[in-house]
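Take a look at the structure set out below.
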Amino acid sequence: MSSAFTTSATTTTLTTFTTTNMNIRLLKDKILSKLMLVFTLASVSLLVIIGIGLYYKSIPIIHRLSWGELITSSIWKPLKGLFGFFPFMMGTLWVTGIAIVIALPLCLLTALYIVEYAPTRVKRILTPFVNLLSGIPPVIFGVWGVLFIIPLIQIYIAPHFVEFSTGYSVLSGGIVLAVMIFPLIVSIISEVLRTIPQELKDASLSLGATKWETIKKVILRKALPGIIAAAVLAISRAFGETIAVLMVCGNNAAVPHSVFDPGYPLPALIANNYGEMLSIPLYDSALMFAALLLFIIILLFNIISRVILARLERKLAA
Amino acid sequence: MTQTPHISVQHLNVHIGAQHILKDININIPDKKVTSIIGPSGCGKTTLLKSFNRLWDNTADVKITGKVLVDNEDIYAPNAEVTHIRKKMGLLSQRPYPLPMSIYDNVAYGPRIHGIRKKQVLDELVEEQLKATGLWNEVKDRLNASATRLSIGQQQRLCLARGLAVGPEIILGDESTSALDPVSTAIIEDLFISLKEKYSIVLVTHILRQARRVSDYIIFVYMGKIIEFGPTEEVLLNPKEELTKEYVKGYIS
Amino acid sequence: MKGRKLEELFFRILMVLATILVAGSFFLIVGTVFFKGFHYMNLDMITKTPGGGFYIGKEGGVLNAIVGSFYVAGGATILGLLISIPVAIFINLYMDGKRFLSNTIRMAFDVLFGIPSIVYGAFGFLIMVYFGIRASLLGGIIAVTLLVIPILVRTLDEVIRTVPFELRDAALSLGSTRWETAKVVLRQIRPGIFTAILLSFGRAIGDVASVLFTAGFSDNVPTSLHEPAATLPLAIFFQLGSPVEEVQGRGYASALILTIIVLIITILSDILIKKFSKHKI
């Protein structure tokens, strides 16, 4: 009799406890989810905040000289308040252009070899080294550039073409950059190549085509959008690389006219002069403007290549 | 069967990785007839077919021993020219794989690779093969459109036309109608029947009714071995081996 | 026929050469640094801070920079994790049903991933100026945290996505809340989290542009967040810029130290990734 009484009391306590426990858990979950939402929104809006922040700081110089003048003028005399960014943009373009011209064909050939021709053992040995390359810090690439590339150009290459070169040139910057973007291009193109179905290659082979003809006429055609996306992504990575290029490209504020001329890409400009930023009027705004330019260009390139890759993925999944 | 067989397989053994897929295959494929290879899934039908045009060359871990004689030449001989061999055979896969180019270029792909460049010759070739596969009237106004725009049934016929354009002697079909609707299936089956006047045809199929409709001879493969080979009616309706009887049991109706 | 075969042979040779060049450049770079830096390497380098006159050739080492780098990279990684783990969990477990939104967020992080470190450095500097923080350990940590958040989110996101949704469903059908499910998932991907830490640490320790304006530089090991901190990459950069050969040589040795640290981290994380994917279903 008494036991039945106690049992129902226990049951009630148990039920109340479970319900309270449940409420606590649900409350915890709710609070945490709101917290996570805040973190997520904050992180994503970082993109916007950076853009706005840089723009805000650039306003003084945009007021002083119009966008057009800033981008097209070559006169860089900060003490006189003259800021023409043209040489720096050209420096960036030269260095990046050289890097892509060197890296794209080499990496395309490498990716084709690894995916289509290499025996499994060779593949397993080679692939890690391409990946390890991507882990090396940029400053080490710069050191290598100074130790190896500069003398290479100064002593062995330039004398064939020009009278005198210190070796510090956009060519050096381009070569160093090219090696830095090797892993990126190889990995994206390899992935794209791997998505091409074996049956499609079989179809071409069954018609009597050689492996190379199949690559030329079928595989490359199918992989073209992916290759372009890889190139665009690599370009955007190359644009922003600062220290490695800074150490080898000469840092001379003039528009380069040949590959052996020194150059002064935008990131190097920012990095070299930040120290004086606050001492010369408008200088800080000018450097922030340079950062803003970089930000916008890289943003655009990134979005374009991601869109291409996403569309490619969707088409293949269909 | 007093005719010379078109393909003669002698002591063929295929190992994929550690697995012994095809075990001591000895078979002769009759000339200018349709031969179907039937059997349960996973027992080596497609492996056998693909070993006829050396398509296993590109897969790692595949070991092939034995001889496959086509027109009395062993295609696995060390100095055999593989693109020459493949030219003799046309392959039709399970799903159509149009090359990423226009309808015209798909059919012209093979001839171009083998050296035919004159536009007039190519035009005639393309028209001839598209007509042979019944596609001409459907596509003659849009030869430059991308081949991927065609329906699946049309694509498969395009792949057939593409395969015929290189002037093969043998057509290999790997369950080539399994992705198609009944109408397209019927069209392709009729094509096989009419094409046997000029080509020897080897088909892999798991549809016994199709095998009966289309083929002259049947090979029954089970667990990597050839169990029975003979004229269609015999194998399907009056099989000699126990295993064959088991497999075709449900068919006799 | 001959022409076709020749063409194939030609391109095959080209391909092999290209591959050797690309894969071999790793050896070229590491080899050059090892070769040049080994000569100047001694125990002092890693155990002492710069003595007076270090930059004109006298005694000392780069302990200040080594410790400074570890502090900055470590602090940034911890801070980054605190933010990135909730974000990665949120995108995957709390946003079910809103495919488009979560994919847009992923794309935003992909874009953030592509922004160069100099922009993060510049922005970090802006933040520091705004809040009145001087160039210091704290400043460096802030800027590098911004840099590593996209790396962490991306890696963690990929790792979480490998967890089969049946596991999540199992937890949910037992009546767990989303947060409790998250704890289960986190437990499951522990090696993946470790990989993410290694990856971001490796990136953080080797980067220059983000610490350039924000962490300052000092000859001493920083003892508080408000002191400026030396970092290895910057130390290398400064030493190389000196006209004194002895100092330049020590720059190479510092480069050697940095390379070894990063190689260890990279190889460790590669091993972990392989170990991790062995258990994938």
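Letters A, B and C mark the chains in the order given here, with residues in each chain numbered from 1 onward.
By our rule, a contact is a pair of C-beta atoms (placed from the backbone, for glycine too) under 8 Å apart; a residue touches a chain by one contact, two chains touch by 3 or more.
No experiment lies behind these values; they were computed from the predicted model shown.
K.L.:
What chain is the most remote from subunit A, judged by the mean position of CA atoms in each chain?
P.N.:
The chain farthest from subunit A, judged by C-alpha centres, is B.
K.L.:
Looking at mean CA positions, which chain is nearest the middle of everything shown?
P.N.:
Central chain is A.
K.L.:
Identify the chain pair joined by the greatest number of C-beta pairs in contact.
P.N.:
A-C
K.L.:
Just give me the whole-number Å value for how far the CA centre of subunit B lies from that of subunit C.
P.N.:
Taking the average C-alpha coordinate of subunit B and of subunit C, the gap between them is 54 Å.
K.L.:
Suppose each chain is reduced to the average of its Cα coordinates; what separation in Å results between subunit A and subunit C?
P.N.:
Between these chains, centre-to-centre, one finds 14 Å.
K.L.:
Roughly how many whole angstrom separate the Cα centroids of subunit A and subunit B?
P.N.:
48
K.L.:
If you look at subunit C, which of its residues touch at least two other chains?
P.N.:
Expected reply: 4.
K.L.:
Where does subunit B touch two or more other chains at once, residue-wise?
P.N.:
In subunit B, the residues touching two or more other chains are 83, 113.
K.L.:
Going by the touch rule set out above, which residues of subunit A reach two or more other chains?
P.N.:
If we look for residues of subunit A contacting two or more partner chains, we find 210-211, 213.
K.L.:
How about subunit A: which of its residues touch subunit C in the complex?
P.N.:
Interface residues on subunit A, with respect to subunit C: 25-26, 28-29, 32-33, 35-37, 39-40, 43-44, 46-47, 50, 53-54, 57, 105-107, 109-110, 112-114, 117-118, 126, 128-133, 135-144, 146-148, 179, 182, 186, 210-213, 233, 236-237, 239-243, 247, 267, 270-271, 274, 287-288, 291, 294-295, 298-299, 302-303, 306, 310.
K.L.:
In their complex, what parts of subunit C are in touch with subunit A?
P.N.:
4-5, 7-8, 11-12, 14-16, 18-19, 21-30, 32-33, 36, 83-84, 86-87, 89-91, 94, 105, 107-112, 114-120, 122-123, 125-127, 146, 149, 153, 177-180, 202, 205-209, 212-213, 233, 236-237, 240, 251-252, 255, 258-259, 262-263, 265-267, 270
K.L.:
Over in the complex, which subunit B residues touch subunit A? Could you list them?
P.N.:
53, 55, 58, 60, 83-84, 86-87, 89-91, 93, 95, 97, 99-101, 109-110, 113-114, 159, 162-163, 166
K.L.:
If you look only at subunit A, which of its residues touch subunit B in the complex?
P.N.:
119-120, 197-211, 213, 217-218, 221-222
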